[in-house]
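For reference, the structure discussed in these notes is given below.
Think of it as A, B, C, D, E, F and G in the order they're written, each chain with its own count starting at 1.
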Amino acid sequence: MIEHAGIIDRIEGDMAHVKIHSVSGCASCHAKGVCSAADQEEKYLDVVLKGAAYAPGEAVQVQVAKHLGFQAVALGYVYPFLLLMAVLIAFTAAGTPELRAGSYALLSIVPYYLVLFLLRKRIGSAFTFSIKKTN
Amino acid sequence: MEYVIIIIAAVFVSNIVLNQFLGICPFIVVSSKVETAIGMTGAVTFVMVISTLVTYLIYQSVLVPLELVYMRTITFILVIASLVQLVEIILKKISPPLYQALGIFLPLITTNCAVLGVAVLAVQKDFNLLESTVFAIGNALGFGLALITFSGIREQLDLLKVPARMKGVPIAFIVAGLMALAFMGFAGIV
Amino acid sequence: MNQWKNFSKGLIKENAVFALFLGLCPTLGVTTSAINGLAMGLATTFVLAMSNLVVSLVKNVIPDKVRIPAFIVIIASFVTVVELVMKGYVPALFDALGLFIPLIVVNCVVLGRAEAFASKNTVWSSIVDGLGMGIGFTLSLTVLGAVRELLGSGAFFGMKLISGDALLLFILPPGAFLALGYLLVLVNMLKEKTA
Amino acid sequence: MSMLATLFVVTLVAAALMGSVYALTKEPIRLAELKKKNEAIQVVVPGFDNEPSTEVRRLFIDGDSIFLYTARKGDEVLGTAVETFTNEGFSGEIKLMVGFALDGTIIDIAVVKHAETPGLGDKMVKGKSDFSVQFMGKDPNNFKLAVKKDRGDVDAITASTITSRAYCDAVKRAHRAWTEAQ
Amino acid sequence: MNKFIVSPSPHTYTDESVPKLMYGVIISLLPALAVSVWFFGIGMIVVTSVSIASCILFEYLIQRYMMKVKPSHLDGSALITGLLLAFCLPANIPFWMVMIGALAAVGIGKMTFGGLGNNIFNPALVGRVFLFISFPVAMTAWPEAGQWMQYTDAVTGATPLGMMKEGLAFKTVGEIMPEVPSFLHLLSGKMMGSSGEVSALALLVGMLYMMYRKIISWHIPVSILATVFVFTGVLWLANPDRFADPLFHLLTGGLMLGAIFMATDYVTSPMTHKGMIIYGVGIGVVTVLIRTFGAYPEGVQFAILIFNGFTPLINKFVKPKRFGKEVSRG
Amino acid sequence: MNLKTFSRGGVHPPEHKLSSGLAIEELPLPEVVVIPVSQHLGAPAKVIVDRGDQVKIGQVIAQSEGFVSTNIHSSVSGKVLKVDKFMDSSGYRKMAVQIQVEGEDWEETIDRTDDLVRNTVLKSEAIRKKILEAGIVGLGGATFPTHVKLMVPKGKIAEYLIINGVECEPYLTADHALMMQRTEEVFAGILVLMKGLGVEKAIVGIENNKPDAILKMKQVAKGSKVQVQGLKVKYPQGGEKQLVQALLKREVPSGGLPIDVGVVVFNVGTALAAYDAVNKNRPLIDRVVTVTGKSLEKPSNFLVRIGTPVSYLVEKAGGLPGDTAKVINGGPMMGKALSTLDVPVVKGSSGILLISEAEARRKEVLPCIRCTKCVTVCPMGLEPYLMMSLSEKARYERMESEKVLDCIECGSCSYTCPSSRPLLDYIRLGKAEVGKIMRARKAV
Amino acid sequence: MSQIIIYTIITLVAIGSAAAIILYFVAQKFNVYEDPRIDEVEAVLPAANCGGCGFPGCRNFAETLVKSESWEDLFCPVGGNETMASVATLLGREAIEQAPRVAVIRCNGTPEFRPRFNEYDGAPTCAIAHSLYSGEGGCPHGCLGEGDCVVVCAFDAIHMDPVTDLPVVVDDKCTACGACVDACPRNIIELRKKNKKDRKIYVSCINEEKGAVAKKNCSVACIGCSKCFKVCPYEAITMENNLAFIDSDKCKLCRKCAPECPTDSILELHFPPKKEITEPVEAEVSE
């Protein structure tokens, strides 16, 4: 389980809209005001509520299974990276000029993301979160 | 073989964090969980490679022909800043849950320093395209190696009795120093 | 806010290196000697103060949404200016600082951001803030540089104080980390004392 | 739209600023680089009054270019400064400027660029130790450019055999270039 | 009525204790110490006593005046650190350098982390590498054996590994071998090198004693030595002119000292047998890499330090085999 | 003989079996007994007698409350003095019945003859019922109600009955004495239990430091389906998971019970009690207790009525030695320290061990030097050093994933630690907290 | 030369605009806006990050304060009313006052009153001792004296008194964060209303055993005799499970109960020496 502190922003039906800070600990870091450009973000998650009652403003821990974290990294970053490298190496080996090989490599991740987009339903259902009260 | 050498050099001999001093801030501040560090490595690899690739292309196809090499810094930082964000937007658009999972799992990829540094180094070293990307991979792995090792050490120190005044950032630097000391052993391997 | 307070907070309370742990790459990378640290610090201060000045001048003209890109462009331009000038007039120093000159961009984006966002401030206080932040940064780099130079080559600002062997380690990478680590411990101990 | 416009203006101004600074510093930068080179040549073939950096020959040796600069005083050729390199240094590349007299003896050697360890390898820099002195006036044809450990004639810097070897390697390369150029 | 003592179980304990273990290690270091004194005479005595005294003193001072805790300088661990630090220094190194090394070892390597049990890196090696990087000249001048009365003025020479590294620049292994000490000398320790590392035989005796006392298990030393043997063996078979034979590698440099006494340091090595073997193999591989391809003739100390850094990760991922498979219980 | 043993971890503390080979000595009745109603794992029994009532030996005085619970019988005859809370070996005052001993008045149903009843005519269900009524609980220490263990859960099949004659704890000799002196009855008890469980095969595991018991049991078991197996001496061989693995090479899964691998384990004492209950109608009213200690004048194996004060036992064994600083109910590895001698013997008391001043105190706790000894000796493959750190820092969730609940509390880790770290103390704390967390989770 | 400048401009404008468009998008998608009042509120909070407010850290609390409609149950015990008032002014709202509280140790079982008849030698934590047995003295409710409460206190407000073997709360330092209350396995610690001059009256015992048993183990145990209960004019005392309890919110510090107690288990602290006629002291709450 990976946990991340968050705060319930609002609740709609059995769906909680939870706000998390993208860096854990950022919230109370003294340097937060000066932390890197455009990087301190608040992200929002939708979590299906089960059981216990929650109220907006409540501090919670958002949980996601560890392997899902790795899976997300793989889907979001590692696979496109591998694809990009494969295309790049293939074209370079075939003697394509650098500029073109490089562009092809970059372009190759477009269809990758497209495929991801098409599969978004399935991906979406794989990534589920749960929350628990901070004690 | 030369690619292997580039990677080994970047990972061990002149490790980006321990020897080149790039990306120190996230290294010191972020790395407290091994799992996160591993995930970070994956993300950073992608970001570094794609940034290096794009900056390389722009450098060689725009800046060099137009004799605008001096604009390297400004172009690179603009390109990198937007690229990193672009990837995030795309991910968010594609699959919010995926993006959300990343949000929980990873801290921000605030390695601008390292990304920019690697892009600049790659053109400084006169690498060709493939070499540049491999160089980027090597550095990303080097960053990851340092980060993961360090997060392991942190997890352990967390359970031990480190004197109060050493806790947190000071001990992080000292551990980094000792790791750098150990990594000096790799000098000259390539 | 009192200008002095505004200036001095960057020196100690919000010192970039010792309190906020920001801008660590150049802090470690260039401080093989006090003079390098000083130079790097001054270059950063210049960019910081100038970009703060410009940003606060144009803050009313620039819409919020493009503030970040505009800010990056402004900072990066100043960095390029510094780069070019150093290359032309102090080439030796430029060589010594190397890669870390372009990286000033990143650091200034980081260090100057609070300023950019707290856009309530006047032009004057923006500069003061930038200067304070920058001088604080310079101070830390110079101190670290001096310590490493002293231990590592037995010299102070290039003046050899002891002949013979010094602790070479301190001008090499591990020494950078160790020196900064123990300086931070020292800071903690001082805090303990004053607390 | 106003956003794009402001951005446009900002980049425009920034570009103008950079462009002009670039224009302004272009010459000083060129001069600074030249000066560095000339200073090195001055050290290794002193006394010229021409502009050696304009009298360049370029040779390809070991996959990289080596530049030879001719130094004259009036019409008299004083010697040749050879800008040479080696990749065998303890910390990567070392660049040297080696001055050869007309008879092929080494006048002097200057280090142009290096990243050797301060206090160890950097003793090869003239003035930091007597290491480079031993090369002065030697003819590489009868002064074996190798450290004594490798059965050559060069006294290595203490605890810096690697640097010393690299140094010899660079000088040897310079000598080869010089010979080839003759 | 008696006032009974109440505590949770168990109510009986072994006789082992930390000081007993530590002094066990010290006993097993004695043969090597004796051999070294025999070869390096007064130099060895000065370096060793300064090292031990400084380590204990620094530990005491730091605990007493900086950490403000009850000093534990006599539990034997500082003594081991001092002894091992001395063992990996040349016997002719000036005593003030030894003191700096001791300060680095105990101050940086151990007390910074909170003292015994908390450190990540092997203190003695931190001290050693600190000195090595800081004073490369003094740290690579090795006194020749047999100079009983010389200290810093001893005649110096190269270690067998150094000779090998130097020699390979222009000679083949075959040409170098006659110059390095004979097999018998390598075994007994009549060669140049760090003061305590020279005698493979004495160190092996120490290892057997420690194994007999169950102070260490075989996993770490054996996996290191076996890895070095196999790896250098493969290289040697591939090109006997470029690579020295495995026996040479086993018996030279700090390999024995490192594998038996330093890699086995409890605090900085993995907690499971599987982990120990991963650690040992890693150290072996990196040692050989540094020795044969790196800038330094010797690599054990770096290899151990590097894997000290990896130890927490090994501990995190290499778990003992738990009893019983997991079943999900609703 | 190729000796079997379990594969992972274990220690070998000095055995000190002082009372080994001594005959079981039946103690005269004390004047007053105190019989706690919670002598077993599970819900306490409900008292059904009142102050002033006259009770007989073997009469039920507290009735089982729920499935995992069992009856409590009076071990003496006489008058109920009080039904109140009394200090017992748990360290707290718990509900108990205090009885003034008057004469020897047995329940009539009990067969008190010495005749050996070899065969049991009853069916498995009837056997379980008798065992439940007789208040039999595991005498190996855990005091888990035996009738529960005889009920094989649906979907599981019992294949083997294992009889635990290991007695791996130092000092203790009660089981040894039983096997030597009551061999036939123990064997008959095994048959009863086999029948109760419906299994065909049984194995008796005995450590090799009791060769006479191995021999004797083998003789009795000759020709039956009961196999007797000698085991290499290693603590905690008596732990059921270890014993099952030693004998059958089957590993009880984490969080599982022996029945998950087709095995049910009972102590020899339990077998004897089952015999008494089923074939002799005799409830569990007494047990063999080893009273021992290095300074004790007369270490003994006593047959003691439940409820007898510990002080009485000590007195009969020669009196409390002056240097006694710790009194353990049970063995030195798993036993519980008593704060006073004024507590009764209960069904789970296998021994009373007196430890002298010199050995009673723990040593100074030093920092963990990561010597790996605790990891090496842990029979469950856990990392005690890590557990303790986690427990100290209250990282209970991590402890859960490190499988702290697998710990059988054998104490090998604390025993072996050269830094004298109270590993098991903290692990127990962690187990309790993890248990709380898990229960809370289930409740949501 | 001017050509270079033109190229520079063109390139930079091109790249700059492209970047700007992307970054603009980003700025829109990730609205970085954070209520600046959160920072301000956080600055006012004590920064102890102790969790006394029920939130993981001061910032989370600040956020909640800014966002919540109702401030019920939102209180920073560390900063107290003063801090809550400043926060309220900052946000232009009404503060909810809470009577300041302070931890008291409801056990007075010093060795003198509660003799120790055995010696605990396990790991020095109350939690472990508690799970093992009743303790060194016979009272199964009494303080174990291993100081778990001391360890958890982030304000250095509790220490063990080596003579009494009981913890002592330093009223001035105690912020009523409740960490010790949670830490004590015996539930001995209670947060009670803080009175003027730190005056307090409370039953310093939580033993629920029958009077005789309790008394046997500890001479100052509450034996549940109800005498105090009967004498209290304000109904501040309740009796349950052989134990008296004084509700600090109802108690008016009249001091009638204490002299009634046959076992001296009601403690009166920081009162002036008793006059002959006891009159009710005005129950004033220190601010």
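Here, a residue touches a chain if its C-beta (ideal position, glycine included) is under 8 Å from a C-beta of that chain, and two chains touch if they have at least 3 such contacts.
These numbers come from a predicted model, not from an experiment.
**Q** Out of C-G and B-D, which chain pair has the most contact pairs?
**A** C-G
**Q** Taking CA centroids for every chain, report which one is farthest away from subunit F.
**A** Between subunit F and every other chain, the largest centroid distance is to D.
**Q** Just the number, please: Cα centre separation of subunit B and subunit E in whole Å.
**A** It comes to 33 Å between the two C-alpha centres.
**Q** From the mean C-alpha coordinate of subunit A to that of subunit G, what's the distance rounded to whole Å?
**A** Here subunit A and subunit G have centroids separated by 39 Å.
**Q** Rounded to the nearest whole Å, what is the centre-to-centre distance of subunit A and subunit F, using the mean of the C-alpha atoms as each centre?
**A** Result: the chain centres lie 54 Å from each other.
**Q** Touching at least two other chains at once: which residues of subunit B meet that condition?
**A** Correct list: 70-71, 74, 78, 81-82, 85, 112, 160-161, 166, 171, 174, 178, 181, 184, 187-188.
**Q** Subunit G: which residues touch two or more other chains?
**A** 4, 8, 11-12, 16, 19-20, 23-24, 26-27, 117-118, 121-123, 128, 132-133
**Q** Could you list the positions in subunit C whose residues touch two or more of the other chains?
**A** Only 21-22, 65-66, 68-70, 72-73, 76-77, 80, 84, 106, 109, 165-166, 168-169, 172, 174, 178 qualify.
**Q** Under the definition above, what is the set of subunit E residues touching subunit D in their complex?
**A** By the definition above, subunit E touches subunit D via 136-137, 140, 166, 169-170, 295.
**Q** Taking the touch rule as given, give the residues of subunit C at its contact with subunit B in the complex, in rising order.
**A** Residues 21-29, 68-69, 72-73, 76-77, 79-80, 83-84, 99, 102-103, 105-107, 109, 169, 172-178, 180-182, 184-185, 188-189, 192 of subunit C touch subunit B in their complex.
**Q** Help me check something: in the complex, which residues belonging to subunit D touch subunit B?
**A** Residues 14, 18, 22, 90-91, 162.
**Q** Tell me, which parts of subunit G touch subunit E in their complex?
**A** Going by the criterion above, the answer is residues 116-123, 128, 132-133, 136.
**Q** For the complex, give me every residue of subunit G touching subunit B.
**A** Interface residues on subunit G, with respect to subunit B: 4, 7-8, 11-12, 15-16, 18-19, 22-23, 25-26, 29.
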